[in-house]
Structure formats: structure tokens, C-alpha cells
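Scroll down for the structure; my scribbles are underneath it.
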């Protein structure tokens, strides 16, 4: 038997396969397909202080081996999360991780504070990287100062394990990562989507109602992987890697580049069972390659 | 008959289809496949002051709908270009554009100065965005100050039309574009490759000898297109758009986003005739859509 | 319960120029499915198609484990699907979405246009099996767009309109007598087709206060209500067409 | 002259477990090709394969406009190619690279291993047609890797080695008598196969100052000398395997 359990500070993951925020709903939507409690963890859809309707339709464009979304943090707000959604997910027997977003530091702090009070929320992922909202969002994630400020504030408001999810739309990702590390983040999630655009040449109009949106899927994997590697060399806290993971070799690439765990995002849309299958396939890969403990792979580039 | 001629300052292009530096050699390598004088222009492989051996093999990794290269500006230097290569290409009956690269401002200025003396070099593309060299290269393209400084210096050294090719590996592409515009650039080429990485999970080693390299191909198109659109709104000088163009709809997307002309890069490797075919297909597209002049498409988003 | 299945193509039938029917067979029992629900098909072997493609259940036979899709070739993915051949397999998630609200009270009218005729056939079969009283009205640009004419006419009264007058009443479905004639008293309208048609029918129904359900076709990524890409504006806010639809009561839509 | 061609698959022959031969036919006359040159094949319908794949010319018949490739299934692209069937078309750029330096002076030895046997067949045929004096030596892990044994043995003396001793001399090609025996005086060695084999043969030839050409298989993007991705270190600096090779004289390599 190989060991695939990993820890992210106090957060114990039975395996390094998590599902990415915004691509896995609240988890139960996938329970028709497999036993979701088998996952290392589920990062639920972003929650903001107030309810949000998100951006107008159309919100999606298909691109070569990827997609652009402009959902814009549609969600029913923290109150509804606490009163309603939480009850539906609190008994799922794996780590439920809240994804906290907002337009202001105060709003993010408020959501984090409320999430912190919920027993069965295992950790908080602070999203400072959403490209699809006018205020806040990515702006926090593209400035060293802002990234530090919001992380420090949220850190103060919660004692659960705090992951900070960075935007890849920056010149120097290591610099931002070091800032959030020094502001008290326990781990770094990397990457959110890349700001991108698609045009409908027949209509001569942008495909998305918001003109630009966030690119995800296999297309971005090589850039995401590079960023994980760069950040791994720059910080001491664990990294949760993501961006275009579709197969077990992708998972292993991220682990080797330095990720302690990974998140499966867009791939869930193509194959709703993929995250479950990858747990199995990771063990098979390790067996076939004589790897007894997944820690041998983490940062294990030769 | 539709009009597909465009101008980039003094540079007259019979059509907006150019070939991208480093993907089309010195042009004649493609003359087995089609009449290369039909192209709007040919941007030849980067030239540096001194000869360069480039990076060690392996220099390439295939990725989902893309590739990463780590060539590292291998070329025989400006002297060899002037004495040897120039004679082989000076009679090609289209615009031959030199791509100027280097580790220092002085070296780039020197190459630009020498290129400026060559009659049949129609324009100079200053490459401040190569991710594959240790010094200079991308470092110039990721700092507003450095981008301004090198552009201004090269501007002083040459009176041919000056394109500056930007790196997409930045937080705010518009800011860099405005800096090079104010430093005297006549046009902006956008984008060079994205810094990326691939790992061989069997060997547990980076695929490339240099660990990271530059991602090109359809995978990057949505991000490149977004950048062209952002820069189009920020500057008054023309933009030459590129990044993953494979089809006529890709060409039209870049034109609509604001590009005056486009460059075909990695696609040349998949289909050596593609740039030639796109000239024809662009005219067909215009015919089919009742577009009489390509200028109706440039920046023509509704 | 939603599930991912490998279905074997039992038959491929070309219908008119740009349409074809994929008749699929499943070795295992298929889950129960209702008219208006859809499936999400993975398009393999096409580097330019990344996401799955949604198609209505056109026909479903629990006894033989067969399910069919009526597909219009409009682009990359549908073109790839049209090249599949008998005995090849497709990867399908089904059933998705809510389906129409079926009810026997009062006479119903089923309206379909273009590839909106796809779910109409399954719906009509189901209503017939319930002994419901209903008529069918299909519309298209020309007689070549009146798909499944024969099959549908075997299920109930079949009316039709064509824009060019090549068959049935000339004009749009809303120009047809059966909608205008006050003697025909429809209590329920089910409609699937291009958005223009849906809107015209919805307007007609609203003015007369007739129960009316329409099936929407927004662009989708996940098909199961998690990505929030396929939303339509409703009086309750943005709702997902894939999981809260594709069938909506027009009272809920902001049309 | 290099050109892009659509070739029709005339025959697909499975050779041992992981190898197959694609025999292709061209409606138009094929350009002239020489042993050691290669072609670059586009792999369609596989979203995970973006670049073309290079394969040596295994056989070429200008009279019938036929060209063949001997392909080992090692990954995504070769697996996709192995699923092609007769009458399907492939998009190929050919001929690429320089080819071996052929010469009748003195006895030659052709050495091939693994899929390095691919160009060896065309080379041997050519030498035979020139009435050159040559032997062939092929090596492999076991008798299953001694591809085209019969075809090659029809062309000249055929020696072989296997690592497991299941056929011929046990060991590597460099262990074979024909190389060790001082009575056989080869003036030229042509070699194609895995890098280890090439290096061992090159060492042997260098020590004895025998003319020796090896064919390299670096990873490629363009195949025509423009991307500079496929370089190998030579005494003249980095040279492109695709355009300045794939055949190199070992004197030029930095081995």
C-alpha cells in the first residue's frame, strides 16, 4: 500500500486530489457520479458577503483545449450559505473548503469570519484572483501590497487553515506568493484563470457579455506548472497546484514541480468522474514507479 | 476586388499576413512550398550582435494545442547576417523585417544600427520579450522603465519603421505598450511566448534543458487576443497581432480586436503553406461578408 | 439518476440535408428519462472541440435500452458526430435537466421548429401513452425543415407551417389557424425551437393566459448546474438552463 | 524539392507486436527521395498531438508512386497512426533531411536496431541497385525486434544479434563477429538505431578510422530547419538534425 495522504498545515487530506472552486458546485451535484467523500477535499463555489447575480449571459466561450468563463461570482451570499447550503454539505465525510471572495477587504474578512465559525468548514481559500468582477477580485491578486493587505486582514479574522488563491496574470508570481506568505497564509493555491477573450467573427462581437473572461483548461497547464515551480522555490508554505489538470501525468507533473496537493477544475465538466478516477490512478502510477509515499513526488524533480 | 493592403507607418504591406520571427527562418526555407513574395512580409529569425549557440538540446516540449521552445536566440550574429544572409534574402520581393535581440541595450542598438544600413530591410522589430535567454530578453519587456529605455535607444539608432515586440508575461500590458509608444515605437508586435514548463514524469526531469521556455500555439490565442484588445484601447500606433493563429477566423479575430496586421508563427510548423493560404482565405472571408476594405475589420468590434 | 454511459451507435439515419438521427443502444439498463430532458455528448477525436455538446432526448425506449438523438449539423462538434458510424461508441451523460410538466387536463398543443423538433417526438409519444388530448404544430423555413413529419403525424393531428409556403400554412407557427382560431381551446402549450419562435409563442400564450412551457438552448459547459455558465434571467434571478431548465414556464422568464 | 502531399494508405501491415508498416500511394508523381531522408506526418483527430511526427522513408518506389513507413508504437501519435485504415489519407511533408552518402568504393556495413531498421531497408535496396558490396547487421532485444529479417536477407548477407540470444549472436551489434573479425574489412559503416547503439558503433569506427555515418532522431517541431529545436552539437556548433542531418558523419559529432 502506498501512502497518498498529505497535510496542509492542520488540514489532513486523505489524498492530494481536491476539486476546484466554481467547477464542482457544492459537491453534492456530483454524488450521482461517485462517492464524493473519497476526495481529498472539495473547494466549494465562491461565497461573497452579499448575494450576487453574476454577469449577464453569455458567460462562456470555447477555445483550443480550454474555455473562457465570465460567471462573475454568482452566489447567494454568506447568509444563505450559513443558513441553507451549509446544512446540505456539512455531513460530507471529507474536507469542505470555503472559497471566499469579495469586492473589498472588509467584505472578504466578513465572509471569512462567518466561515470560520462553521465547524465543518475545514479550511478557507481566499480568492484574490477572480478576473470576472469589476471591483476587487483580481486587483487584489496583482499587487504585492494589496495581496499582503487582504491576506493579513483575513488571517486575523480566522484561525482555520488559510489558503490564498493567486492570480496568474502577473509579471512576477513569486513576489506575490512571498507577500501572502509573510502576511500569514498557510498555503498557496495556484492558479486561477488567465484573463482572455474570444470574438464571434460572424457577429463581430466579443463572445462574452463582459468582453474578457478567465481562461482555464489544458491550454494553460504549461504556464500554471511553471508558476508552481517558481513559487515552490520562493516560499516555504505548501502549494496547491491547478490549471488544466486532465490526467494522472498532469497530477504528477504538478507534484514534481512542488505542489503538495492539486485541484481538478474544468476537467470535471468533461468527465464528472475524473477527480475520483485520479485518486486511483495516482496510486497505480506510484505502484508502477516504485513510489511508496507521495511525498517522494512532491518537489521531486531530479 | 477587396482591398487587403495596410500600412504600418511607412511600411506598406500588400496584405496583413506576416510570418513571425523564429518560425519562418529567413524565408527561403519555405520557397519549396509557395511563392514567399506573396506574403505581406517576412520577419526573419532574431539577430544578435554576437553569434550565439543558443541553449542545449532538448529545446522543445509539446503541450495541449501548443509547444514550448527554449531555442535561446541561436544565430550567427549581425556580421554574418550582413555579409552572408542578407545577400540571400535581399531580392525577395516583399518586406523583409529584421528581428533585433540582445542582452544589453548597447548590443541591440548596435544590431539595429547595422540593420538600418541595409537597403532591403524594410523595418526593424525590436524583440524585448525573449523568455529563453539569461540576460536581457524578457527582462526588457517586463519593466516599463527598461522597455522605454531600450526602445528610445534603438529609436535613436534607426530611422526605419520600428516595431517593438512585447512580452505577454506582465501584469499590465497596456502600460508597457504606452511606454514603448512614448519612446518612439512606430508599431507594437504582440505577443511573444508565455513563460511555461513541461515535466517528463518518467525521468522526473524538466523536458527542456533550460527548465522553462516559451509557450506558443493555439493554446495562447485567447490571452494574446485579450492583450491586443487592451493595447488597442491604450495606444494610437498600429498593432501587429499574433499568438496561436491557425485559421482565417483567428486572423479576423485579431483584426477585429484591433490589429492592423498579424503574424503567423507556430502554425507554419504544422502547415508550411498556411500563411499563403490565409491571404487567399482572408479575401474569401471578406467577399463572403461584404467587407470591401480590410480597414473595416481593423478594430471593428461592434 | 444522472450517469455517464458508453452507448453504441445502433443506427445512423440521415434526415434531410443537415440533420441526422443517432440511434444508440446501451448494454446496461438506461436510467428513466422524461421528455424535455437532454444528454451531454463527448465529441472525441476533434482537437477543436473541448466541451461536451448538449442534445435533447429524441426518443427513448426503456424496453430495448435505446435512446435517440436528432442532430442538426451547425458546426465543429455536430459535424464530427455526423461522421460516426454504426457500432462506434459515444460517451454520454444522461439524463440531464427537468423535462416538461406533463398533465392530462385540457387539450395541449406541442410546437416545434428546426432541431426543436427533436424533443417534440418523445414528448408526443409520452402524451399519447398517457391518453392525453393534444395536437402538434411544426414549423420550418421550407418543407425540408419539417423533420419527422411522418412519425409525428402517426401520433396525433399534425399541423405545419413553412416560411416559403412549400408545405402547410405559409408563415410562422404563430400564424397558423390552430393558434388563431378561437374555437380550438388549448389549455397547455409546449414549445421547443429557435428563440424567436419561443418568444412569439410565449407572447401568444401570455396574452391568452395559457399555461406554456418552453425549452431553452443556452451554451453550456458542465450540463449539471455547477459552472453557472448557462444562466437565463428569471423572475427569481439567474437560473441554470441545464439544471433548473431547459424547460421553463414562461411565467418565470423575463420575456 | 520538399512538398506537402496527401497520401492514400494502400496497405497497413502489422510487423511484430508494436510495429506496423504504412504503405502509401500518391496519385501524383512523388519527388525523388534518398535513403536516410524522412517525412513528417500530420496526426489528425488526436487533441493531444499538436506537432507533426517524423518518420524515415522505409521504402520508395518511383515507378508505382509508393512510399512506406515502418513505425513503432511508442506514444500518442504513433498510436493514432496505427489506427488508420486502408484508403484513408495522411498529410505528409517529404522528402526531408540529407540522406546517407552513398559510394561504391570498398565494402560497406549497414547497421540497424529497433525502428532504426526503417531506413536501412531503403538504403540496402539502393546500395544493391548500385551493385555496391555490403553486409547488413541488425540487432534487437529479442528475435521479435529483428524487423524485416526476411526482406533484408534477400538483399545481402544478413547478420544479427539479440540481447537475449533468441536469434543470432547474443549481445549488442558491436559484439558481432563481423565487426570484431579483422578479416572483414569494412570501409564504410551506415548506422541507424537507438543512441546507445549509434555511440557504440561510432566508437568502434572511430578507433579503426572507418568512415561512419549515423542517423539521429532528435525531437522536432518544423522538420525543415527553421525552428532550431532539433539541434545536435557538432564541431561546427549546433546543427539542425532535420535539415543538416538526420545523417551525420561521426567525425562532425562531439561524441
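Chains: A, B, C and D, in written order; residue numbering restarts at 1 for each.
Quick note on the criterion: a residue touches a chain if its C-beta (ideal position, glycine included) is under 8 Å from a C-beta of that chain, and two chains touch if they have at least 3 such contacts.
The model shown is predicted, which means the values in this text are computed figures rather than measured ones.
Novice: Can you list every chain in contact with both subunit A and subunit B?
Specialist: none
Novice: Based on mean C-alpha positions, I'd like to know which chain lies farthest from subunit C.
Specialist: In terms of C-alpha centroids, the chain at the greatest distance from subunit C is D.
Novice: Which two chains meet at the most C-beta pairs?
Specialist: Ranked by C-beta contact count, first place goes to A-B.
Novice: If you average the Cα atoms of subunit B and of subunit D to get two centres, how far apart are those centres in Å?
Specialist: About 36 Å separates the centre of subunit B from that of subunit D.
Novice: Approximately how many whole Å separate the CA-defined centres of subunit A and subunit D?
Specialist: Whole-Å distance between the two chain centres: 48.
Novice: Two-or-more-chain contact residues of subunit C, please, as numbers and ranges.
Specialist: As it turns out, subunit C has residues touching two or more other chains at 47, 50.
Novice: Enumerate the residues of subunit A that touch no fewer than two other chains.
Specialist: 63-66, 217
Novice: Answer with line, ring, star, complete or other to describe the graph linking chains that touch.
Specialist: Ring.
Novice: Pairs of chains that touch, anyone?
Specialist: Here the touching chain pairs work out to A-B, A-C, B-D, C-D.
Novice: Using the touch definition up top, name the residues of subunit A that touch subunit C in the complex.
Specialist: Within the complex, subunit A touches subunit C at residues 22-25, 29-30, 32-33, 45, 53-54, 56-60, 62-67, 69, 71, 74, 217, 266, 268-273.
Novice: What does subunit B use to touch subunit A in their complex?
Specialist: 61, 63-66, 68, 142, 169-172, 194-199, 201, 203-206, 211-212, 215, 217-223, 225-226, 229, 244, 249, 252-253, 256-257, 285, 300-302
Novice: For a test of understanding, state which residues of subunit D touch subunit B in their complex under the given definition.
Specialist: Residue positions touching the partner: 1-4, 42, 47-52, 93, 218-233, 237-238, 243.
Novice: If we count contacts the way the header does, which residues on subunit D are in touch with subunit C in the complex?
Specialist: 45-47, 50
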